[in-house]
């Protein structure tokens, strides 16, 4: 499903060196490593937010190394979540469905109706339906996390990237959320790449683990 | 603020309020002495307005000559139905636009601007309107009994002059002070040297000086509030006011008309009223 | 350090109180300044100023030129601020400084530069095809535009600087092109900064006089803006009417600046 070969990028004081790994369809793949080991940069390369110096990124058999982020069909949940502050929970989740590549085709029903259905279903699945009309600034850490997840999943991406999703919530919320993420991933069968530095999180979630340190990856 | 002490804020407010009260009293006395006699509010003085006409003449006019020229232009418009379009400014401020803007029929200025535009090849010809010289302005009634420049050396007198670095009048006054035996005493009394003439006058109006030495035409502007005293000395040079026809002039006939009118009997009286001395070209 | 380490003054006056006093004194002195002008001016002077057609023309001219130039300044400042805030390229700091040149330049010199420019062959060519600025009200807009755009760029660049680029990046992965992301996410996020930039630019424009005298002159009913009126009144010693016009300008600026605070202070979104 995802094939990364020889991926390298160089910065003045940091470098990712010849990263190689593959993730099978439906697999939950955890990248484990301390902060500063280059996990976020790797995600940015996968999402197309940076261009690598060399190497290839193949998604579903298509070379996407230099493709525009808008056509990669990747659901990206960054560490700081980056919810759109002036949009409500509902609007945040629905946002991707109004873009050209993700707008649902009209099959007898108007696309606006399909969007409403899909967003409501997603809010229900994440148990944030009552918060639909709230602005992100009024949400707790765990609630924000669910909104960011919903926003990434509602467009039905081929690949889900989770960057330290439990780092900003307290331990109890984290444990609940951890279980929910796992359940959701199984239910949707979505290929997931998850970055974390907590051992219990890694052990609970991972189908497979790779360890990152100082810009290098050991599968 | 909930737990802070309130009294310093209150004290600050009281200080400000007290100052405001004091100020308003000052202003009232000001109003009694000045505002009533200041019979030149925005509309009261007959203000010049450009008429609508197919024929027009454009004149760059030095600030020093503005009020007299506006008076003359108003009469000119009435008589000939030719619109006079003014561009005002200090001589040095007008120069770049005259040089590079390539527009305008006339330039009314005092020395040395005629020479400057001649050097730059912008001048066609010119007529002499009159001359300027420094005079003394004192508060109404001349409370300090000043009769000439020499009196300005009296002990304790506060004098305002224009800065010789920027103003020709300042240069002329200092030249006289250098050559006269009483010059040093007068120099001692200078409390403020301003860049512009209006600022020097303002310091007498507001009571910060007892006398100001400025161009003669200013006496006419403040005739209701200040008295004029002649310097009682001969200045080594004469500052002429000239009306210059510019190379950029396009309204040939109208320009000639206005130059002619600026020397008419009507105009001569206005120039005199505003303190310009009739002068012939050397 | 014990609790009672505070010295005499700080025991009497808390930090909050100190700040409140400084604020009161500063605002008080400003009010005092304006009040002294208000008290100096005869009430009839305001009425007279309003009745005068030259003043009314100057007011209209000031309003439309400064509004147009503020609009153009914002249109320029958004892309310029974006590039300066987001792009990293050699010479960026130099470009950033060049933007500020009009702030450093004495206003009169800017007018002189513009005047000299229109003497060059390029400037002459522009005039020949009808792009006339010297002696024209369009020249007022031009002078204002160059003076105020740096202020708009500063404000709007700061808005971009404070923006988390991650929000835009996520929007990109959700299927939006860069242009769509800018319109649907970035612009609404920096809306307050854009409005603030526009208002500050407008306020600077309406008080601008320096370059006008040099570039367009001070001709009544043609190129006379409010700041010109003040200059013209002062140059012949009409202190009262100069102050009356100035106070009307202050009133307008006050409205603009209050608007500026309302739009930027309280309604800021927290991401």
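Each chain gets a letter, A, B and C, in the order it is written, and its residues are counted from 1.
Just so we're on the same page, a residue touches a chain if its C-beta (ideal position, glycine included) is under 8 Å from a C-beta of that chain, and two chains touch if they have at least 3 such contacts.
If you're wondering where the values come from, they're calculated on a predicted model, not measured in any experiment.
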Chain whose Cα centroid lies nearest the overall Cα centroid: C
Farthest chain (mean CA position) relative to subunit C: A
Whole-Å gap between the CA centroids of subunit A and subunit C: 43
Between subunit A and subunit B, centroid-to-centroid distance (C-alpha), Å: 76
Geometric centre distance via CA averages, subunit C-subunit B, whole Å: 32
Residues of subunit A touching subunit C in the complex: 44, 47-49, 68-72, 74-76, 78, 80, 82-86, 95-96, 99-102, 136-137, 151, 155
Subunit C residues within the subunit B interface of the complex: 12-14, 16-18, 20-21, 24-25, 28-29, 31-32, 35-36, 39-40, 42, 44-45, 48-49, 51-55, 112, 115-116, 118-119, 134-135, 213-215, 217-222, 232-241, 244
Subunit A-facing residues of subunit C, complex: 164, 166-167, 169-177, 180, 185, 188-189, 269-271
List of subunit B residues in touch with subunit C within their complex: 1, 3-6, 8-9, 11-13, 15-16, 19-20, 23-24, 27-28, 30-31, 35, 38, 40-44, 47, 49-50, 60, 63, 66-67, 85-90, 93, 96-97, 100-103, 196, 198, 201-202, 205, 218, 221-222
